[in-house]
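To keep things simple, chains are lettered A, B, C and D as they appear, and every chain counts its residues starting from 1.
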Amino acid sequence: MKKHVEGAAIRLENCSKTYGSSARALEPVTLNIARGETVVLLGPSGCGKTTTLRMIAGLVAPDKGGRILFDDQDVTDQPIEKRNVGMVFQSYALFPNMTVAENVGYGLKIRGVPRADVKIRVNEMLAMAGLETFANRSIDQLSGGQRQRVALARAVAARPRVLLLDEPLTALDAALRERLRTDLDRLLRSLGITAIYVTHDQQEAMALGDRIVVMSNGSIAQIGRPNEIYFQPANRFVAEFVGAANIVEASLKDGFLELPGGRVQVGSEASSRREAIAMVRPEAISVVPPEQSSWIGRVESTSFLGDRVRISVGEAASTPIIIDAPNSLSVEIGDRVGLVIPPSSVRLLPA
Amino acid sequence: MKKHVEGAAIRLENCSKTYGSSARALEPVTLNIARGETVVLLGPSGCGKTTTLRMIAGLVAPDKGGRILFDDQDVTDQPIEKRNVGMVFQSYALFPNMTVAENVGYGLKIRGVPRADVKIRVNEMLAMAGLETFANRSIDQLSGGQRQRVALARAVAARPRVLLLDEPLTALDAALRERLRTDLDRLLRSLGITAIYVTHDQQEAMALGDRIVVMSNGSIAQIGRPNEIYFQPANRFVAEFVGAANIVEASLKDGFLELPGGRVQVGSEASSRREAIAMVRPEAISVVPPEQSSWIGRVESTSFLGDRVRISVGEAASTPIIIDAPNSLSVEIGDRVGLVIPPSSVRLLPA
Amino acid sequence: MSRTSFVGLCLLPLLITVGLFFVLPVFQLLIVGANSPSGLSAYSAIVTEPRYRQSLIATLVLSVATTLVTVAVATIAGLFLQRNVFPGRAILISILTLPLAFPGVVVGFMIIILGGRQGIVGDLSRAMTGQKVIFAYSIAGLFLGYLYFSIPRVILTIMASIEKLDPQLEEAARSLGAGTWAVHRDVVLPALVPAFIASGAICFATAMGAFGTAFTLAARIDVLAMVIYTEFTLNANIAMAASLSVGLGLITWIALALARSLAGSSVAAAG
Amino acid sequence: MSRTSFVGLCLLPLLITVGLFFVLPVFQLLIVGANSPSGLSAYSAIVTEPRYRQSLIATLVLSVATTLVTVAVATIAGLFLQRNVFPGRAILISILTLPLAFPGVVVGFMIIILGGRQGIVGDLSRAMTGQKVIFAYSIAGLFLGYLYFSIPRVILTIMASIEKLDPQLEEAARSLGAGTWAVHRDVVLPALVPAFIASGAICFATAMGAFGTAFTLAARIDVLAMVIYTEFTLNANIAMAASLSVGLGLITWIALALARSLAGSSVAAAG
């Protein structure tokens, strides 16, 4: 009884969504989510990530032709209350007329679980959330972080097949967000439940997701593991949305980018092209004395950020190049510096 | 007329604050702020940073014995409307019954500046904020980022002696916050105005502050430049609040910390002590094969964060050691690894 | 001038105004009530004298019934109107609020037009069943009149509350397996309780003091406000009128105070 | 069953109820008004007949004056009470809301106790100046009575609005150099305009329809609600009563509709 049942595998087939007579909110999406996997839907607001989540939940019906399957069972026409999903919302959505324990036990009570069993399970859940002493508190006595823990305990108490999280950490402040993210990561791994997590925060997406689905304008821009998304973005949108990125447009000759500040070698992949849009991550660039590099620029600004120094270097390319250098580096505005990039860190993007 | 007048130098002398009969909200504070300097008051909520800002503004009077001076002129008894300060709030605090241009021009209108001159200055300010086309919009047609730009333009339009910013970016989302932070930094440097900036976000504090005043429990914990605060925190509170920190309690012998996973050399500073509380920043630790180090641990978890990999290593000290390693590093949970720290990166804290 | 002395300076005229304008009349009312030839007997007569007691009970019953029915009808209509979008919805809502524009006298008048001796309901019922239905002068007419002017106010308060409900509360309940009925029982109605209390209290207070409708209907039942009027104007029994006024005021004040302590300051503002 | 047909099913009884209960009486009122022996003349008589015209004007003037004075007094008192903390503040607020518990009849009765022929103001003034001041039966008495029951409602609405004001708006204005007077003129009062409109409209509507107070005072001026009552009950001039009702309802409805379009739905909920 202690060990959680595994979640369901989920398949979206050709699911699109049109509201009223307006343009499509979601282009046809097909997506497979494995049993026990944590998939993060990542994108800016309005990209369709929440619509996708609500489709899986059963709160939004796909347009005609779309199908949603849980473990090969078609649930397209099942309302949310029959789908056995757990949901966690940004607004917590705790019932203010119930205590913490009543909130956590609500799903069990509704399913007709005997009162004694509800109590055992609620205590188990509260222990998991570290809220044993809060059982009889009312919701408005809790902090934001505690509320979201209660919401999480409530969502998993009835052992749902899928856990759906809609920006659960967005309402919390930065320090708390990081702490809860770590707890959430541990919880998802220990439960082995299928989880779908919506966020616009790429740090959260990378820390939590087995895979990330990057969405933009109602369709999927890229699906991949966090390091795939980060190192091999499929296009400019993904490169700029996930992490910081220097995007350089330049002509390509003999495997070198020709830039105002010099030449930069590109990995083998793209020798056939003439014009390139190249992407370089700020932490992939090293700052060296100018004589040690064939690519030179001038420091325009430096900003000490604690764990690193963010430097903006002009004259090297048509737009300033952003570099995250180790915090031990000391350069002054106006210094001429050489920049070094390993060829494998230059990623060419489709035009 | 285009060049901004320089701001005032500010001196707080022995300013404390007690509300009613309750405990002191602010212990006696003495603080000098140079003309044109940007000082950030940094601390958790309730640390007294906002009270200090409101004292400088003239919204809160210091307890008897406290004095506030602007350029050697005692303003302690001057109400805010006479102090010629500009304020920017977290909630924007724009007047909803006025257009963007009317908001920006309000301080000038109140001062009786002729209408034509108000118009010229307002247009100047809107251009500075990149909001020329928004002059006749109403406030509720603006996004959060645009609102804060208007609030900033309004605050500096009448050329205040001091600009006071109370968590101006807290209400914005992460991406927008970073963009506006950069703009704000440029603006403060170009205006040369004395600015006091309140925040609980250490990244913001380090990026913007010429100096940072770290506050805790109603008193000043440390004053210093960002790199001083980061590399030489005065105590454990500052070390943990500003940036991520590994705090290790261990016995000290012959200039080495004696830890469960081995020995770690400490810089020269503290050879006389027997017991130490040592602080190491996560990015100062390198991960090497175990045979290359005298300090060994076992990987407990890894988390790919894009620009770096965060690794938690157990068995090395009494608590897990957090390491921010380059994103190229590849280790698995359970691996034995060696940890290397330059002795200068180990900071001993007062007990 | 220090802040404290400024407050003091403002406070003085305020206190005087409040004293003269708000406290004095009530105080005088209390005294007049106690000043009957037989001392405090005017107060005890409220419960001992059958006519007054019956009027008190009838008024209370009518007010409580009006409140309960109004809140129930307004909740159902409010939920329906807030949750569904259909053509003509805005017009329907504005028709529902029409009674806000009519005073009690006109409402009474309308009830007579509908259910009086020459009323259209009577005409219709005689044409259909041969039986002429007249309800205007009975407690039914009064009750209908009260509902007519109570429902709009309460509907609008409850609709405003429904609008403020976090839809994610309902979605959370549904995700936990709750069907429509359970969602309403466990989430929606509990969240509306403050609105029920606030608008119910105002509804009750209005019904307790309603005069124009009852007077126009010249109904066979005497509501308290009418008895007060009769004692004062026709019988010149001023002590009795005063003590009945105090009793009526006390009951209403307790209802409002109770509601305020349960549902917060929204009660008063909704009035 | 599809969602659309379910809505349709709910809509039908709702429409029937609204039709019977809300539209029919008003419709019938319109018809009765037009059914006078001389056709539509009952409607034109509202403005042509001096007695009706004067009553209409008197009611309008009284209602507008009550509204303006009430909003002004309530704003000053509300600002003071919301901004200052002093001992006895809670008691003062609860005293100010006392009139909510009294119906119009009792308010009229209180005015007579204060300013009537045997009123205490008269006794006091005779003792002090030799002149006996009687104001209960004049327009002054009616006006005071209206203020008495209007002020509490409006004060509470305005206080709720003041509480919701962002204090940083005022701090921002002060930082820009605005003194107390400028802050109120440019920031505070503009922010309260929706509350003024909403509570003012309700105040106006209540004053237009007030009956109990005027009736009890048997004042020398005939307010519209009293004229309607007189025409209907005493003169049996049903067509005239109906047309006056329609006129009164129309004016009030326009005031409420205007307020709602200016200040949003809070108007209705504040009623």
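Keep in mind that, in the parts below, a residue touches a chain if its C-beta (ideal position, glycine included) is under 8 Å from a C-beta of that chain, and two chains touch if they have at least 3 such contacts.
Predicted model, so just to flag it, every value in this text is computed and none were measured.
> Please report how many Å separate the Cα centroid of chain A from that of chain C, as a whole number.
Roughly 54 Å, centre to centre.
> On a C-alpha centroid basis, what's the spacing between chain A and chain B, in Å?
The computed centroid separation for chain A versus chain B comes out at 27 Å.
> Can you list the residues of chain B that touch 2 or more other chains?
Residues: none.
> Among the residues of chain D, which are close enough to touch at least two other chains?
Within chain D, no residue touches at least two other chains.
> Which of line, ring, star, complete or other matches the graph of chains that touch?
ring
> On the basis of the stated criterion, which chains touch which? Give every pair.
A-B, A-C, B-D, C-D
> Going by the contact rule at the top, pick out the chain A residues touching chain C in the complex.
Contacts found on chain A: 57, 59, 79-82, 84-87, 89, 91, 93-98, 106-107, 110-111, 151, 154-155, 158, 164.
> In the complex, go through chain A and note every residue touching chain B.
Going through chain A, the ones touching chain B are 173-174, 185, 200-203, 206-207, 226-227, 230, 242-244, 281-283, 303-308, 324, 326-327.
> Considering the complex alone, what residue numbers of chain D touch chain B?
166, 168-169, 171-179, 182, 186-187, 190-191, 193
> Help me check something: in the complex, which residues belonging to chain C touch chain D?
7, 10-11, 14-15, 18, 21-26, 28-29, 32, 77, 80, 84, 86, 92, 94-106, 109-114, 120, 148, 152-153, 156-157, 159-160, 205, 208-212, 215-216, 218, 225-226, 228-229, 232-233, 241-242, 245, 248-250, 252-253, 256-257, 265-266, 268-271
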